[in-house]
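Scrolling down, you'll hit the structures one after another.
Shared chain: chain A. Partners: chain B in the first complex, chain C in the second.
Entry: the complex of A and B
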């Protein structure tokens, strides 16, 4: 048994080959006294360190993780650490939403000749982790189930879109249909209270289009599968943001897509509607007036005011009409954006770090790994090559434990960093109601704060913030090691 | 042997604790509060609240867990000897599934055929199945996504159950439908609060009749097997039916009758580095990896082909092999699908399409 068992903590260090590894080596050669807790993994560049390496280490029992690379403007590969800086800063501010103390993770820059600086960094960080003690183990916390308060106020009056110019829209679609592979929109599903995506190929199909608060699905998810073919798509304001983000990333071509838009008056939160109707009921009738929907299920009438039962994202929506469109009916609605914390994120904000970990343990206990969240996401474009299913590399254990499931959610959230438009399809698709959107929202909030109110999917010409860098970052400040 | 008992409404915890005292694990539906709440089966212990609602996730877990260890190995080294220990004992314990629905219970009957009645018996499945007793709550009514009666089941169908429980005024009527169920009911001590159910059995029968009457008329799908087999190569049909499919696994993982699995070997990694395990976990035919071969070739690259396999398996291949559909009509694949892809609609369209040809 090692002498230091129980005294040492497990700290993982990712050190760039060209600078920090050299610095650590120099410190060793120079006999600089250092704590022994750090286990070093040599990487070619700090830019090689995917944030999911760090999350994996922290979820699997590391008490601390340190990333160290070349000083900015001194990268062996010119810009690797510029990219790393953005990613690692986002990660640092993301960790607390999982219930992990951000002080357990640090990134820094140490040159190959800076043996003394290395000694200082490793000592300071190790002392910091020791002051925090052993990290709480995710599989040892008690599950905690808490419900977000969904009572929200919308930035604009929400309605049912009853008077939308649907007949005009159908005419316009029919006129364009001959030049298109198909037009994606919505039609009625297995009952009047459910709509499903429709792929219209004939004028008869176009007649099936519906418009209203049941149009919850985001049709943009299908666009990349039609790459190279010209298709039409009917969009709400939020769906159009996904289309714009796909354009930003060159995942679709502008000339291959025709956007048909109408101002959206809000969509219903089918999760909350389902709670009222009951899980297994039969909808007899749906009647809609301008501000509410009345659903009769199993002979019982339920009235749902749009103002009370809209999807979380609709309350803060400032773009009811698509900002980008080719054919649009209805006037843009003037809404002043106000920054507000979404309800699930507000709930997490109100919890302590241990409570957050318990919260996720409780939530992930329900997950069956069906990956509806991933497949419903319009920005999830790895499709058949997701790390969650890969055996080589074998990134995720097949064990059905909550830790692996939460790890997948952080992978998903991180792959969406700076790309997620907050459409909420991941959470809506979850059959067991895990509030996973909150993880994406936390990253979105960090991105907004760090990169001058950047919002994904608003400008087709903008580069997503984690795909670019500035040599001198405005809001990411070097941390001193004094 | 037949046992009919009456359990007053407040007697549930008493009955469950007596069942626990028989040394069995009780899996009972528990409501998980959330903005979108869900009902899942969990081990019950004294004082834990339970619900008799139809669960979001069926209790397939009792016989075929999401993930199980088929075998684990560990290498031990001394100064002069090295040994490798293998452990392939099935992870099984006596279990009662309490509060399944007839469609969930029918799922066990569907799983039994390939796992127990085929040329190879699965020892892991058998170890769990033989020790399983299923208490099923009969349904009070159908709903928009239920279609058990299309497939020969129904709100009080006994297939796969050991005890049927029907809610009547003031409590539950428990009726054994197998010897296993009867033995267990007869062995219950007075503390289980079970009274003779014969005097109130008529009320249970009436409740069941009422449930049957509430169902929407079922279309005739007897020709589904031939119809689906007949349009196997009609790519356009399958393409149109699956346009909106997202290729996720919600339909398969929430299904009480899906049994495809994957096997993965995993080392212990840093936990010791001297051992590992072979895992069996649910697999999902909607995923492209399901058929990706070691060479990289994939015979089912398209979601339409994958859905064709799913529907064909349930309504054509399995019936051909076993004489019944591998679908219990629980409707979970419909109501849990993010795009409400409706297998009923595909089956009906296939029958119509085959007829039109």
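Entry: the complex of A and C
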């Protein structure tokens, strides 16, 4: 429905039935005059408010969204608002990466008897939204195409893994194979410069294992499909974090998986390699030396230095060898983790809010809705029941417009909040090169700041931060309504 | 769907600032709406009749009433649509009074807003389906946690109503704080003489099972069917054999055990019966001070016990009880008064709490009722009472009034004069709060007949004057001048907080509690003994400061609630609860992890793990629905699709 032109803005409120809805009632009973913009949606508990309802509203024309629940520790359902507080705070800090002003979203706690407070909250928030003015429409902004600068310095020397203990790995796998359903790893693809997943069931299969910078896929993505069966998996450091996260969420059990850890020296950014190679028909040879790879395609030699062509995540990688493993083929490399902003996120950080929205409008224009990002994600366990193509619940239409596409990316990012290990498979799998990892990185950064440097997939016993709470949060403070 | 919309004028309450006819006109164009009208008073009989006849005439299968808050009349209109043959949950309300007409005067904006609220109600209603309650059996037994006077009253009233009671008390004896008091205000009659007989009634009642020295370990289940695990701590004395004769404590050589019952104003033996009227009258060994148990050398009590009841190797026992309802009556504890360093609280021996003073006054106390200074055993002559120590003090985060301190301070001042006619008492107060029956008269008597000096003002500091007495520096705000009193004994009316461990218990009970550890009632005015967890009730000071008569009254009130609940053989649940779509569920367990009520379990369906909602436990908060990434858990009548429909109605380019 259209708003009253020139008079009102579109402000949506989600109020818990017990406290804040009662507080709004009390304000009415007290004839506490308020601006008329707010439209209240009554929900049982602030914990019912999935943050993506709010994104949905903000992407579809809301100028402001307000969530209000019972005061912490006063929840009708004892803990709903504790969870809400964590999730909504993450959302609030996430919104700017989409180019949405975080001031357009607020959450607060108002009790059933706090009529004056409610009046104050509504008035203050409405005034705030009016001061910001009408929200920019996502499909009205000009697309902006910018590419992240990938000229990075690695924390450790990157290499090709030429001297890795591959024969030993094969031996070890063969020894374990009889007790396993299969062992997941990599084999050569249709040419030497590609790998595809290998599910080794026989010793002959095991001989096909390869190791090197072309092992880009994250094999952990296949683990949940083997749930209940005992499997082996060869992992790079980053893959192991996905395995740990799956363990954290009880999506697989520890006794059902054997991890073979190989020391990773970096993997290649195949998209940039492909760009350099240009059009070609056959790869004639691939030759490795310690620090670079030479690909001969259609008779033409191309040399790729690992330090220049690694995947973005490899530069900041501090765990090249899996922290959790059963069989390990190398010593842990001592790399001091540095908290550097990943390049994709750094690009967004450098843009203004309207530029960010333009950026995503431009990027989403390329999206095909192929869902390769989702399918490559080891944490996307919904699989056939993804909300992206379901009617019940009907979160998004099949309309091929940029808003729905960005909404899907936000949904994905939110479903990964506190769970994403930053393996970057979504972005790598994207056939049109959208830097969608930036959205996950932003959430990851927020989670890290809010929950004491929490990093998903580092401790199998840790509870994912959005699935738990503290009655008194250390880093989430109630904002005053002055 | 065929939806009928009723836009209530509520006289001029809504009609005054909302053009109801225009809203009805707009509503008629909303999807699925086949009928829209604007009755004058929808909740009145003619209004309800309009709805009923419209349902019949237009074959409506869903109703939207736009009127006052659903918190007001949702039950009314649910009954209306039910009378007309619809399922009671095929109703949605738009709140156009409290949220529209009463908060703004602009008719254009209000009318537009009302229409939009109706639009979202219609959008939501289109996703409603008929819901049906499930009924379940009620286990007609009640658990009372806390054996103070409130808990005792609740237990006795329930038991007298033929409801078996399980009474759990943390200490070795019931009686609570009241058993420690010497006299009660305003009648100055003996506290132990009033509560004593009630304690005996508890012990003798055939329907009350008493677990003293026990704590609630774990609570699961839901109204009508709670399972409670109770930890019976080891008293190291077989209570089946102990007769409470006291021979053990006479011979016990460990005579320097701090006496918790006497608020640490004296010492006692390691094995003892808490106090002469204790119920159960059984001996308990304080393990830390027992020579046999700490050093392995002694065993005197075991030798002298005529029934051979002493057993040093006893261990805690966990017992499980099944009950249908729970009464929490856990009372209070004094706040940490040592934060008042300026009063020397906890440092100077003659600066004591009023509860300690109560023990000094009591005939069963460490001084046999003679008031003596803890430091040198001398009779004090000048006694200063300081009120509001830890009450109404924002500087230490205690803004609330502890309620009964004004009265007991007056009582103690009166008793002091009775005990020591030569003494002079001073009371530093902020305001005198004496609103109860005969209360103000009592405080007047303290001033007028007993010569107690009331000084309105705070004390800034207390320090020893070097001659065995203390200088109390204060201010008289009525005269506007500083006051200095040399006192022999200083009694602090220390503020109260929820009993220690109240927070942990609240979490077991799944009820809310405030910053001071007091449990939250369901509604401040209208549901003062209920909690937000159905079947759990509150009695006494665990909910907030109150005096003995109010605690007793509340104890009886909870009993009435329990008896009312148990008057029915079966209970019905609210069907607006979560439900799992088994096909979509991938058994990731996120909902199980988050559910505040433990209402979701993992079950095996055709060899696959799936989440399953226990219908009677689910309270319908919808946290699971917001947690499940694939939308497999949906909350009835707050489904993702319904909220999305509301959002989409409002937010549309």
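Just so we're on the same page, the second predicted complex is superposed on the first by the 475 of 482 C-alpha atoms of A that agree within 3 Å, B and C clash if a C-alpha of one lies under 4 Å from a C-alpha of the other, contacts with A are read in each partner's own complex, and residues count from 1 in each chain.
Keep in mind that, in the parts below, a contact is a pair of C-beta atoms (placed from the backbone, for glycine too) under 8 Å apart; a residue touches a chain by one contact, two chains touch by 3 or more.
Note that the structure is a prediction, hence the values are computed from the model and not measured.
Once the two complexes are laid over each other on the shared chain, residue contacts for A:337 go to neither chain B nor chain C. In the superposition on chain A, contact of A:157 is made with neither chain B nor chain C. Touch criterion met: A:394 reaches chain B and chain C at once. Annotation for chain A, partner touching more residues between chain B and chain C: C. After overlaying the two complexes on the shared chain, residue contacts for A:56 are found with chain C alone; chain B is out of touch.
Residue contacts after overlaying the shared chain place A:48 against chain C, while chain B stays out of touching range. The contact surfaces that chain B and chain C form on chain A in the two complexes overlap at residues 60-61, 383, 394.
Note for the complex: chain A touches chain C at residues 1, 4, 7-8, 10, 12, 17-18, 21-22, 24-25, 27-29, 31-36, 39-45, 47-50, 53, 56-57, 60-62, 73-80, 83, 87, 112-113, 119, 137, 139, 224, 249-251, 381-383, 385-387, 390, 392-395, 415, 463, 467-468. The touching residues of chain B, when paired with chain A in their complex, are 32-40, 53-54, 56-57, 65-67, 141-146, 216, 243-244, 246-250, 252-254, 262, 264, 266, 270, 279, 281-282, 284, 287-289, 331, 334-336, 338-342, 345.
Within the complex formed with chain A, the chain C residues making contact are 69-72, 95, 97-100, 102-106, 108-110, 112-113, 115-117, 119-120, 507, 510-515, 520, 523-524, 532-533, 576, 583-584, 586, 588-590, 593-594, 596-597, 619-623, 625-627, 629-632, 634-635, 638-641, 643-644, 646-653.
Residues 60-61, 145, 147-148, 150, 189-191, 194, 196-199, 217, 221-222, 269, 271-272, 274-275, 279-283, 298, 344, 363, 366, 368-372, 374-376, 383-384, 389, 391, 394, 397-400, 425, 428-435 of chain A are the ones that touch chain B when the two sit in their complex.
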